[in-house]
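Okay, so chain A shows up in both of these, paired with chain B first and chain C after.
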Partner chain A sequence: MDFLRPASWEEALAAKAEHPTAVPIAGGTDVMVEINFDHRRPEYLLDLNRIELLREWEVGEENVRLGASVPYTQIMEHLRAELPGLALASHTVASPQIRNRGGVGGNLGTASPAGDAHPALLAAGAEVEVESVRGSRFIPIDAFYTGVKRNALQPDELIKTVHIKKADGPQQYSKVGTRNAMVIAVCAFGLALHPETRTVRTGIGSAAPTPVRAREAEEFLNAALEEGGFWESGKIITPSIAKQFAELASGACNPIDDVRGTAKYRRHAVGIMARRTLGWTWEQYRGTGRTLEGAA
Partner chain B sequence: MRVNFTVNGRPQEADDVWEGESLLYVLRERLGLPGSKNACEQGECGSCTVRLDGVPVCSCLVAAGQVEGREVVTVEGLAEYAKQRAEHGGACGTGACGDNGTSLQAAQQWSARPSGGAADSRTGEGAELSPIQQAFIDAGAVQCGFCTPGLLVAADEMLERNPSPSDEDIREALSGNLCRCTGYEKILDAVRLAAARQERQGEAV
Partner chain C sequence: MANDTRVAAAPAGTPTKVTQGSRTKGGIGESTLRPDGTLKVTGEFAYSSDMWHEDMLWGQILRSTVAHAEIVSIDTSEALAQAGVYAVLTYEDLPTEVKNYGLEIQDTPVLANGRVRHHGEPVALVAADHPETARRAAAKIKVEYKELPVVTDEASATAPDAPLLHPGRDDHHAGHVPHPNIVHRQPIVRGDADEAAKKADVIVSGEYVFGMQDQAFLGPESGLAVPAEDGGVDLYVATQWLHSDLRQIAPVLGLPEEKVRMTLSGVGGAFGGREDLSMQIHACLLALRTGKPVKIVYNRFESFFGHVHRHPAKLWYEHGATKDGKITHMRCRIVLDGGAYASASPAVVGNASSLAVGPYVVDDVDIEAIALYTNNPPCGAMRGFGAVQACFAYEAQMDKLAKKLGMDPVEFRRLNAMEQGTLMPTGQPVDSPAPVAELLRRIKARPLPPERQWESTEGADVRALPGGLSNTTHGEGVVRGVGYAVGIKNVGFSEGFDDYSTAKVRMEVINGEAVATVHTAMAEVGQGGITVHAQIARTELGVTQVTINPADTQVGSAGSTSASRQTYVTGGAVKNSCELVREKVLEIGRRKLGTHHPAWATAELLLEGGKVVTDGGEVLADLVDVLEDEVVEIEAEWRHRPTEPFDLRTGQGNGHVQYSFAAHRAVVEVDTELGLVKVIELACAQDVGKALNPLSVIGQIQGGTTQGLGVAVMEEIIVDPKTAKVKNPSFTDYLIPTILDTPTIPVDVLELADDHAPYGLRGIGEAPTLSSTPAVLAAIRNATGLELNKTPVRPEHLTGTL
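For the complex of A and B:
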């Protein structure tokens, strides 16, 4: 094994181009587990810790530009107003020690259907900026997850920045697990209200081969809210709309039975979380018009 | 490969390090510092917790090569680290103020012992301990002791950040550390005790 320690982004891209099989290591909270247990013996480890730009973020007009290696702890501490859904999701990851090292770039790299960043990114709306010596490109988050633990990266590409839409309304994240800390999601649900465009977006975790949006549920809800004039009046969403939204969210799942839960349970729980997160965010929207702060 | 980094305020060099090796392995097997414990090697138990540039991390999940040029504090250096902090305030974040820190040899031989004469390892009397270590002894928070080093490092860091933690803050800060013996109540007691003592001392100054 070789340990490559590029000091700059350009050096990292050059190293990845020269050694496409090199495994990038950021926080190491996924990679090191695999190495410790001999599940992976990469020829090259490509350390990203020395690359300052991956640890930086910038709040722009419309987007937050989040460096791939910004640890969850920083997101929770500094980006709660701009990215409430992702901040809430970050808080549910593992433990302080893990959150001090792991970040969204690694979560995207692993692309586990159970990764907590994914539903929040899907709900908020995001693009992943990836780069290689050949140039850079923006991958819409909906197109990033291509299969179980597979993503749209080419072998010579690295994730540079995640461009996430700044919240323009309340967002929530809900996760089912056996306890509060140190738990991989049985299933999870992210929801974001976007009053500016009068749309609702969602993200489902751990209930399909990849993280997915509940598109039919979104379309139904968007139409129902528009028709009923809910965005202007801010009135309570009727139980029948909430119920149908929940059922469609359940229907968007394509889960499996595994040690953490059965497919049936996951479908059921996703429906419940869809209804609840809709209720929570809508209350927030009604209450203050626009409360952006997550309750992490 | 060779890795140069600072451990407990002193520069160290580890040789013949395998590229896939963890920081935990380097500390225990290359530098002879077995204070950080190895239980799971997958980030679940927190018994390997050390501070990397001041931040608590699981040393089993940090690749050795990633610590090149960086600062690590282990439980063996905790007493000195806390002392430096008390003397120099927050300014000495690394325990490397002046010519202090803990030498490798002192760290390897570390035990709850006084500078001269005998210490009682049960009560900590006459020993050079950090306040959190003393509080763990006084509150009876140590049984088999395997989880203790990781808990000490995590709890000490929380008290540095948050001198008057709520119970919820304590639970949150220690949520990455498993203990199979105590049932956690006495560990919580110990952290509350250390916080209360710290507060009293702050008032006295």
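For the complex of A and C:
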């Protein structure tokens, strides 16, 4: 195995162009596990740790530009207001040691349905900026996940920045694991209210071959909120709306049975999380602030 | 996130009071600090996996990828051809006629002989100059398997046409088992259960399932074998019993035991998982073949295949009671899955059956326990050893009975609690304190932790809620439950086993001070034995400086660090040898100084503060003047009271040495919609006879409690019933409690002396592991109203989504 250590982003792109099979490594919290267990044995490892720009973030007018290697700890500490859903998701990632190393770029690169960041990115709305020597392009998050552990990257492309919409309303994130900390997701759910566009977006993790949005649930809820004038009135969402939203979210799952949980449980739990996260965000939107950010 | 500074629901202070102090500073009863404590928490402690030797090779084991198969062929040529490979060994290379090993039944092949019986069975060995080279070479060994049908439970194992795991068995249990795929069967019959059942006003029964728990010790199996010039081998290894290893290793190598010199190296936990051999013989074989030191270190994945687990069990129980709450009778059948090899299965059967009633008075019982041979992973010793599975079932039964009678579950238990003098179902009288009712009274009397501790003005603190940091509830669906359980565990090896320990104690003057040296083969696996040995030596010999020599096979056996026995038995041996040394020292004193004071001849003399004193406290001489340049050294074996085997038909017999009791109260909060559990508090009351080191006692109780919690709500090795393959051999999917899962564990320590034991002490390590699990289950049942007959409880069980 050859270890490539580009000193700059340009060098990294050149290396990836020359060796398209090279596996990029930053925090190494995913890649090293795969290598240690001999699950993969890449010809080349492309170390991105010398590339400063990948560890930088910038809060813009509408978006947060999040470098692919910004560790989860930094997101939790510095971007809680702008990216509340992702900050909550970051809290659930593994252990403090892993959170100090791992970043969203790794989650996206691996594209495991169990990656903790995905539901939050789907709910917030994001674009993944990828680049190669041929140029750069923006991939909408909805089009990024193409299969089990597969994404829309071309072999010569690297993930540079994730452009995530700044929160314009409350966001929530829940994840079920069979331990109270340091656990891989049995399933997860992210929800973001977007009062500016009067829409609700969602993300489901670990309950389908890829991270997915619960589109029918979103459409139903968007229509119900609009028709009922909920955005203006801020009145309590009726239990029947919440129930149907939860059922549709549950229906958006396409899970499997595995050692971590049954498909039936995953569907059930996603429904419960959908109902609860809707309740928490809506309560906050209404202004009581009681359950702000989930107090993680 | 305003609550970052608030206190999380991690273990808080321990409101525990224990007696402290002794006449000699640093003696028994004091919480002297462990010598390995600081090193371990700062990462400086040298574990067995840290060893290194110049010119050392690395050993790698190739394990079977299938559970049950005939080995058609093994081709090692490609592996041998790889640069850096020094040796590749298979069954054909074993040097002597002894090719099997085992704790009681020698049924485990050192390397597979034409057949593998479980997933992960060792097939071949590689030694290479780099661990990665060894691993790649092992992967190049071509093994052709012809798969055979698997047996995975009682029905398939005892079917008329079931493939036999060990055809032609000739072990000492073979003659009395009803089927050759049953390792051992122990019935216990006392009184007349059928007749007594007629007096019952209520009868409850249930089937209970206990999952396969792993010891999950943090230091994986590892050791270093160094070939010696005399043709022997020096083996440095993390184990639980050096001499038991030695007895199994030497015959396979074809060496006399004195040529296999074993030294204990840093042990990273054991919990029963190091009672059986792992890499010991393999490293020695490779070292002797290559003439070079060979180190083997398992990774976590291999560790899950490299040691036995706790027997999963299916238990059927029936109890009856009169309407005034007295238990009339009990019938039970316990089926333990021993997996492919016997390991400790026979003894686990003995424990499960003889302790099947629990700490209750039940005169009429009909008990049967068996262990199966199957193609599942081998199971053997783990903390609680057969008593854990039984306790899970009988405590569920106690709650069912109490409920049916409309009685308080604690009062019902107290009404039926055994006490000193009660006869066990084996007919053995309990002849030391058995404060079962008192332990229950104490845990019940403790104030309950406040409700809704997660609530604050700033929102919910998710760390104190089910789901924790995963942020699944802010109080929705959360219901509290409280549950109680109590258990009984035997201490020491039972059923007539010669369970002795050896201690060598030396006393001499060094640099003008009388000092002592203690040498035993006791495996320090984290229990704190070396700390206790020094305390005993200080107490008995009145010295300050005590050196504990490394444990090795240059001294006699100290028995196993298991069965809660080490402080009792090797502690007893150290005490005994110290007493013999003291007698010798006093003899020297009388010879040299006897004429200086009449008390030398007439008084009871003690050694205290470096001096010979009378029991009245008068100083007769300084030990420096008594000993001068004489060295007193004595090595002696020590035995507790003998036990006897259980009758094979009736189970009668004085089979156990001592009993140990603990009770728990669990307070849980359950998210009933998501099926997630947060244990809020797990209070324990335990009788320890005498706390030799109170801090260590509390540590043992809290550790055992946490291990019991683990198997209540998360820990389980999942084996595919179709293929008998392990599905979750990693810490990603075999979950053990984190500190956020670990509740406050207040401990209430009783010290009621057992007059038969050294200092009145009681073995303590296992009892808390018994009652912790059923207490948590009872609390979850209390919160949810569900029956829950299986442990661990999964979210699916609580939400009807299996």
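Definition applied: the second predicted complex is superposed on the first by the 287 of 296 C-alpha atoms of A that agree within 3 Å, B and C clash if a C-alpha of one lies under 4 Å from a C-alpha of the other, contacts with A are read in each partner's own complex, and residues count from 1 in each chain.
To be clear about the criterion, a residue touches a chain if its C-beta (ideal position, glycine included) is under 8 Å from a C-beta of that chain, and two chains touch if they have at least 3 such contacts.
Only a predicted model underlies this, so the values are computations on that prediction, with no experimental measurement involved.
Once the two complexes are overlaid on the shared chain, A:261 sits against chain C while remaining clear of chain B. When chain B and chain C are set side by side, the one touching more residues of chain A is C. Touch criterion met: A:32 reaches chain B, while chain C stays clear of it.
In the superposition on chain A, no contact is made by A:228 with either chain B or chain C. Legend: residue contacts after superposition of the two complexes on their common chain; A:49 is shown touching chain B, with no touch to chain C.
Looking at the shared chain after the overlay, A:181 reaches both chain B and chain C. In the superposition on chain A, contact is made by A:173 with chain C only, not with chain B. By the touch criterion defined above, A:2 lies against chain B but remains apart from chain C after alignment on the C-alpha atoms of chain A. Of the two partner chains, chain B is the only one that A:101 touches; chain C does not reach it. Shared contact residues of chain A, touching chain B in one structure and chain C in the other: 36-37, 180-182. In the complex of the two chains, the chain C residues touching chain A come out as 1-3, 135, 299, 301, 458-463, 466-474, 476-477, 673-676, 678, 713-714, 718, 727-728, 732-733, 735, 737-741, 794-796, 799, 801-802. Looking at the complex, you find that chain A touches chain B at residues 1-3, 5, 25, 27-29, 31-33, 35-37, 41-42, 45, 47, 49, 94-98, 100-101, 180-182.
Contact residues on chain A toward chain C in their complex (touch as defined above): 36-38, 80, 88, 91-92, 172-184, 186, 259-262, 264-265, 267-269, 272-273, 276, 279-280, 290-296. On the chain B side of its complex with chain A, the touching residues are 1, 18-20, 22, 41-44, 46, 49, 55-58, 60-63, 65-66, 68, 154, 172-173, 175-177.
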